[in-house]
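What follows is a pair of complexes built around chain A, which joins chain B in one and chain C in the other.
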Partner chain A sequence: MPPAPRPLLAGLLAGVLLLPTFRPASVSAQVSTPAAPRTIAIDERLAAAAGLAVGDTVRLAATAGSPGDLVRIAAITRRGADPSEVARNEFKVRLHLDHLQSLTGSGDRVGRFAVRSRGAPSGDAAAPDRVAAAINQSAFGFRAYPASAVAVETSSTFRVVNRFHRAIGVITIVASAIFLLCITLLKVDERRRDVGALRLIGCARATVLRAIVLEATLVALIGSILGAALGWAASAIVNWYYQGVYQTPLRFTLVTPGIVGFAVALSLVLGVVSGILAGRRLVRTAPLELVGR
Partner chain B sequence: MIARLAIAALTRRRARTALTVAGVAVAAAMLLDMVMLGSGMRESFRGFIDQQGFQLRLTPRGTMPFDSEATVGGATALVATLRADPDIVRVGPVLGGKHFVAVDTGVVAGFLLGIDPAAQGDYRLEAGHDLAAADEIVVSTAWLAATGRALGDTVRVAGGYDPQLRRATGERTLRIVGQGRFQMLAASDRAAAVPLATAQAMGGADRADRVSVLLVETRGAADAEAVAARIEASEARLTALSTEAALKFVDERLGYFRQLAFILASVSLAVGFLLVTTLVTVSVNERIGEIAVMRAIGVARARIVSQIVLEGVALSLAGATLGLGLGLVTARWLNGILATFPGLPAAFDFFRFEPGAAFRALGLLVCCGIAAGVWPAWRAATLPIATTLREEAVA
Partner chain C sequence: MTVTPVLSAQSIRRAYPLAGRSVEAVRGLSLDVMAGEWVAVVGPSGCGKSTLLNLLGAIDRPTAGRIVIAGRDVSALGDAEATRFRLTGVGFVFQRFYLMPTLTAAENVELPMAEARMPRAARSARARELLAYVGLDGRAEHRPFQLSGGEQQRVAIARALANRPALLLADEPTGELDARTGAEMIALLDRLNHDGTTIVTVTHDEELAQAARRVVHMRDGVIVDDVVRRPLEATA
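Presenting the complex of A and B:
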């Protein structure tokens, strides 16, 4: 089957998932009738926006203005942690397959079959590809895609966002490096007289340099631990805020041991390097000049 | 004299000053980028909408333009009613759908627009001429590349495709008369436009006399919002979306980037402020003796404050100037990354340089530089002269 053009993707997916997305304008509260209506499930955002609850009867139509069907809300569903849905403020209504087909006049058609292969649950990662290839060999009028291929296609937006975040991260690291170097330089410069005095009472250059580097390293270590704690708190706030805004259980930021390790290691490297640069500059200056003579 | 003293103080420790200026420059660049990001998307989208020349978009009730396959029936009567409205100048009906073209390697699928050539804002012609007959088609560059056709060719275009029978439906023979840039679509989208009646006929009975969107240009003096409200009140099947409402929708969709821009801009300002404050404070602490001597020989307190504040301003100005160039370069880099968003119009800018906003942001940074110098300057100027001289200068 040739690929569908992008602007129609939303409609295609609605059919594919059998979870059609109807706009709230198509749903209006009605008085229940004695004939047992079909049941539907709506997402919690729609329930909140339209003031609907389980047991309510509503009229559901495929197009605005058409009579549609009376249906009863049997369940309210929570939005899944799907990144591709985050920015789309759409409401979702789930119907039984035959009901949707009748409502939309689709006959006995479906948009997509979801197939679970036998090998995948037991850890055979190649099983979906094999099954998809086998189906495609004998397919007539449709095409099978392994879930991984679909994931790659649908996650392209997030790959771009990821690259953007990395770029911002690079700029932030450059700024942090300059900031740290500058602060260390200033801090070491403040100790000119102390260093001069140490050198005058006979402390070796290497000893003074080691002391300065050790001090810079400790500052970087304490700063990075505090930074990690601050980052963890910021991450919690970001998740709390955006999960509320987009009404999704999706976690927007993750503080993993790997990320903390990278941040601490980077801070330590920057601290040591800036300590060495600032310290070397200071120990090369004549002690008398350091004490202001 | 004050300026010379400030410059002398800054050049005394060149490495330290250079690092601070570099730090402020990076902070200024980040600030500028975030200001550009914060306003760029909105203004870029507004540009797209404005260049179409229509103030309202009428869609099937509750939908956004081309966000679903929903259409509105009775288009002819609807257009006639709208055109009779004294506050409406032009009405451009548009039907969106898909189309298929058979090529040697299989089938090329694309987006098809049925339009009224006299009232359309979806594409700009780059070559050839506009639609004048029912059997003519205007296509995008990507469409020509995918199908291997050229202007003047005749091509069989189908409005549908039956996957079970692998057979095209609603086929028409069309002549490629124009090559256009479809403004709301990505450069890689295979897009084509045909007269509305042709698109409706290609869609079969389901699409007869139906449209996806109606573009409406209101009369100059008319309030677009009022016209939108009037249309929605009189036609229950439609949602009337004004430019401002469309921008609000975009704001909601892209709210994440605006919030990120705000947070990073605030952090950049704070970093710039901290850097200048730290440097000026340390610099003043080092020169307490000198400042006490200057005060002792009669230099006015105000002059000392001015000199120290000037140091902060000089650091901020130098950093902001460097940051302006750096920010424009990094904005271009970041825009290049975000431009690869799938389905985004080719000319869409996430980072747009708005001189007013940019210079206001950099001005704010310089103000931070001034504020950063005030406290250490005041502290230095109010030191007890005799005690400081005894402790610092004489010792």
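Presenting the complex of A and C:
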């Protein structure tokens, strides 16, 4: 015996053949029709919130109180990693275009659709612009944009956020560099007696300076590798937590090979520079002064 | 036959600026030390003993006078030459040992030899030989914090002898040691001297001074007494 149909509320409907076309206020459960139920796909956030699974039967309506259709869930879709959707508390339901049109009574009206051009020579970056211009010449009541223009428009907010994050990163790096330099100076200064002893027994300034710089470089290298590992682990935890909270595959933090390489390189440069500065200060001091006499 | 001294200091002076005036720690001091001698420099605190030792070891430069060690004038060396001379020309033993805490006893002894570019195998063998000589052949792999004060001072002596210096300079070598360990250290220095090492020690330790062949008394930057207790010929 098939399971009893369950009510379904959805905030966003999308056609499977076209991009999102229609956004009714709600979809509610109503009386079933005798015809075989159509199939729909719901996103995993809705499935989790409503406790639905593939094979479940639900009623789907365009507005609360309207009769709607009995539909069967044929698939549960995973959301794309789209930052613009993360904070929206919406559910997505996908259904066949004709079903969507009949359910909403909106005919073939669509709000937005995509046109893929073909036949343009590869590397012809201006082709989409020409196609959009050609469409706009004969368009009535709508306007065409090349995909790049749409991408720029939708990503402008994230560029601002990205710049903000970059500014925070630069401030953090500068502060860390000063902190690292001070720590290295202090740690090297703690070794002034050892440096004095080395100079007293005949070790050349260059030898002592080389040893200090080598040690500072090794500490910086090991520290940067440990730091990168710690950053990777923290990133994994942050992603795991927020992907769970927002039910999205979006990666909130990234530790790329480029970032690791930059961090290690920066750390090495800072280690070498701070080692040279700290070492030069010590080897220029008289050995007897270094050993406190 | 003329015997050339290993160390010859002639009319050396060392003045320091202090509160706008010049204070002389060593005032026209002359001293000759022959090969095989063990000279103990004694005197009250502030009489210029340590300043003298620093001048003899090219740690400091005299403001006047001349110091020749093993035929080389060390009183006018530049920093790099003085550093090189401290590495190969003299061996230093300090009151507070000044061993590298992160290195083992053997590595501490090898350090001056590594700086002098001695091959690894040769310096390793020499370090073992020296540690055995000072009675630490079983402690080569121990780090300074695992050694007693006396053992650390033995390592310091082995390190000072690493590059076969013409002269061993020791600044209060028993100053940080208890009476029994101090006596062991004196015995070791005595053995070193008997085996041909020329030693100059600065000390307040009466027993150490008594063990030396020659005792030089200093006061106010000059030598006021110079007593040969055991001539070289007597124990040759």
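In the analysis below, the second predicted complex is superposed on the first by the 247 of 293 C-alpha atoms of A that agree within 3 Å, B and C clash if a C-alpha of one lies under 4 Å from a C-alpha of the other, contacts with A are read in each partner's own complex, and residues count from 1 in each chain.
Methods note: a residue touches a chain if its C-beta (ideal position, glycine included) is under 8 Å from a C-beta of that chain, and two chains touch if they have at least 3 such contacts.
All values reported here derive from a predicted model rather than from experimental measurement.
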With both structures superposed, pick whichever of chain B and chain C touches the larger number of chain A residues.
-> B
Applying the touch criterion given at the start, work out whether A:G51 contacts chain B, chain C, both or neither, answering first, second, both or neither.
-> neither
Look at A:R163 in the shared chain and tell me whether it touches chain B only, chain C only, both, or neither; answer first, second, both or neither.
-> first
Give one of first, second, both or neither to describe whether A:G258 is in contact with chain B, with chain C, with both, or with none.
-> neither
Please work out whether A:P287 is in contact with chain B alone, chain C alone, both, or neither, and reply first, second, both or neither.
-> second
Who does A:F142 touch here: chain B (first), chain C (second), both, or neither?
-> first
Could you pull out which residues of chain A sit against chain B in one structure and against chain C in the other?
-> none
As the complex stands, chain C meets chain A at residues 50, 54, 59-60, 79-80, 83-88, 92, 94, 96, 98-101, 111-112, 115-116, 159-160, 163
Could you please specify the touching residues of chain A with respect to chain C in the complex?
-> 193-194, 196-205, 207, 287-288, 291, 293
Note which residues of chain B are touching chain A in the complex, please.
-> 13, 15-16, 19-20, 22-23, 26-27, 29-30, 60-63, 66-70, 96-98, 100, 106-111, 161-166, 189-190, 236-237, 239, 252-256, 264, 268, 271, 274-275, 278-279, 282, 285-286, 330, 333-334, 337-338, 340-343
Can you list the chain A residues touching chain B in their complex?
-> 1-8, 10-11, 14, 21, 23-26, 63-65, 87-89, 140-142, 156-157, 160, 163-164, 167-168, 171-172, 174-175, 178-179, 181-183, 185-186, 189-190, 242, 245, 281
